[in-house]
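Structures for review follow.
Paired with chain B in one complex and with chain C in the other, chain A is shared by the two complexes that follow.
Our next item is the complex of A and B:
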């Protein structure tokens, strides 16, 4: 059972939500079993950054998603509808999440002990 | 039951999750502007924070259930999770 579910709803770039969620998820992984769920514009965090760091004026935290298995985080999910809506099947991604339908997403929410929405 | 709170109408439109039939959708802050958007007022799961309506000079619509801060506290106690969708 997932103890902590992190829901990521903000795109990267225009706010600190995305970076903060990732930092919180890594911290959470140190003491409980966690899962990540990308929903809506949050799915855009999975797109491989194309600009160099100097041009982005921020850290490429998304590259850290590749390191999640090293932190024992294996449950990374994304909403299938959002994936289709943003056309992410054609994009280069930092990692491939497990796609969930809406009923699967609801079941995941029900089965999670705590949910943190970023 | 899951309590979803939305702090703007965009947070509702763009959140990308379809809440279940038993969930509740609570609109706070600028989310209360949903009340003047007729297309969404038929959803029985919608709740609106009365204080935020009054702050914006909007009157309470007869078709939507308006709640107070203490009702909100009651809803959080009844809910399995409280998800805050922001934009």
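Our next item is the complex of A and C:
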């Protein structure tokens, strides 16, 4: 059973929120079993950055997604409806999440002991 | 029931901290406990001792300090969020060779581990977004 489910809702480019949320998730992985769920504009974090990251004045924190298995994080989900909405199926992604329908998402929420929303 | 609060919104710009304050008061009035209030993202700015809102507006920092004191709440700020946004206690100010510190009394600066610990030991964790 997943102890902590982190729901990630912020897009990567226009604020530090997405990066800080990922920091929180990594901190969680050090203490317990965690899962990540990207929803809405949060799914945009999964796109491979196209501009040189220096031009965006931020860290390429998404590189960390590839290292998630090293942190023993294997459950990475994204909302299928959001993927459709943002047309992400044809995009080059940093990593491929497991896509969830709305009923799947409900089941995931029920199966998680605690939910942290960012 | 034992609650943990995860607050993220900026003071005054967002309603997040007021919503969380009202929620915390309602919890405590109903006899529930709050294990920890964790301030993340822009919410750490509430602990800036230099806030000086107009006199006919409520002071958010004072409101949280009062609640924290009355119920002996652990008002905990994320250190990484604080340093990025210029909220420094005396020791951080010294460490980064700054000329002043600005952490309001009643708040303490700690790490993300405090959010995780609070989430794991509480019955419910409630997030107040930006």
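Just so we're on the same page, the second predicted complex is superposed on the first by the 118 of 118 C-alpha atoms of A that agree within 3 Å, B and C clash if a C-alpha of one lies under 4 Å from a C-alpha of the other, contacts with A are read in each partner's own complex, and residues count from 1 in each chain.
Everything that follows uses one rule, which is that a contact is a pair of C-beta atoms (placed from the backbone, for glycine too) under 8 Å apart; a residue touches a chain by one contact, two chains touch by 3 or more.
None of the values given here were measured: they were computed from a predicted structure.
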Checklist entry - A:102 contacts which: chain B (first), chain C (second), both, neither? => result first
Checklist entry - Where does A:20 make contact in the superposed view: on chain B (first), on chain C (second), on both, or on neither? => result second
Checklist entry - Does chain B (first) or chain C (second) touch A:40, or do both, or does neither? => result first
Next on the checklist: Looking at A:32 after the superposition, I want to know if it touches chain B, chain C, both of them or none. Which is it: first, second, both, neither?
Outcome noted: second
Next on the checklist: Taking the superposition on A as described, I'd like to know which of chain B and chain C A:4 touches: first, second, both or neither.
Outcome noted: second
Checklist entry - Which partner does A:115 contact after superposing on A: first (chain B), second (chain C), both, neither? => result both
Checklist entry - Taking the superposition as given, does A:84 touch the first partner, chain B, the second, chain C, both, or neither? => result neither
Item to check | chain A residues contacted in one complex by chain B, in the other by chain C | outcome: 9, 17, 114-115, 117
Checklist entry - For chain C, which residues count as touching chain A in their complex? => result 6, 8, 40-41, 78, 80-81, 84, 111-113, 115-117, 119-120, 122, 124-125, 127, 129-130
Next on the checklist: Please output the residues of chain B touching chain A within their complex, sorted ascending.
Outcome noted: 2, 14-18, 20, 80-81, 83-86
Checklist entry - Which of the residues in chain A come into contact with chain B in the complex? => result 7, 9-10, 17, 39-43, 79, 81-82, 85, 102, 105-106, 109-110, 112, 114-115, 117
Next on the checklist: For a test of understanding, state which residues of chain A touch chain C in their complex under the given definition.
Outcome noted: 3-4, 9, 16-17, 20, 23-24, 27-28, 30-32, 114-118
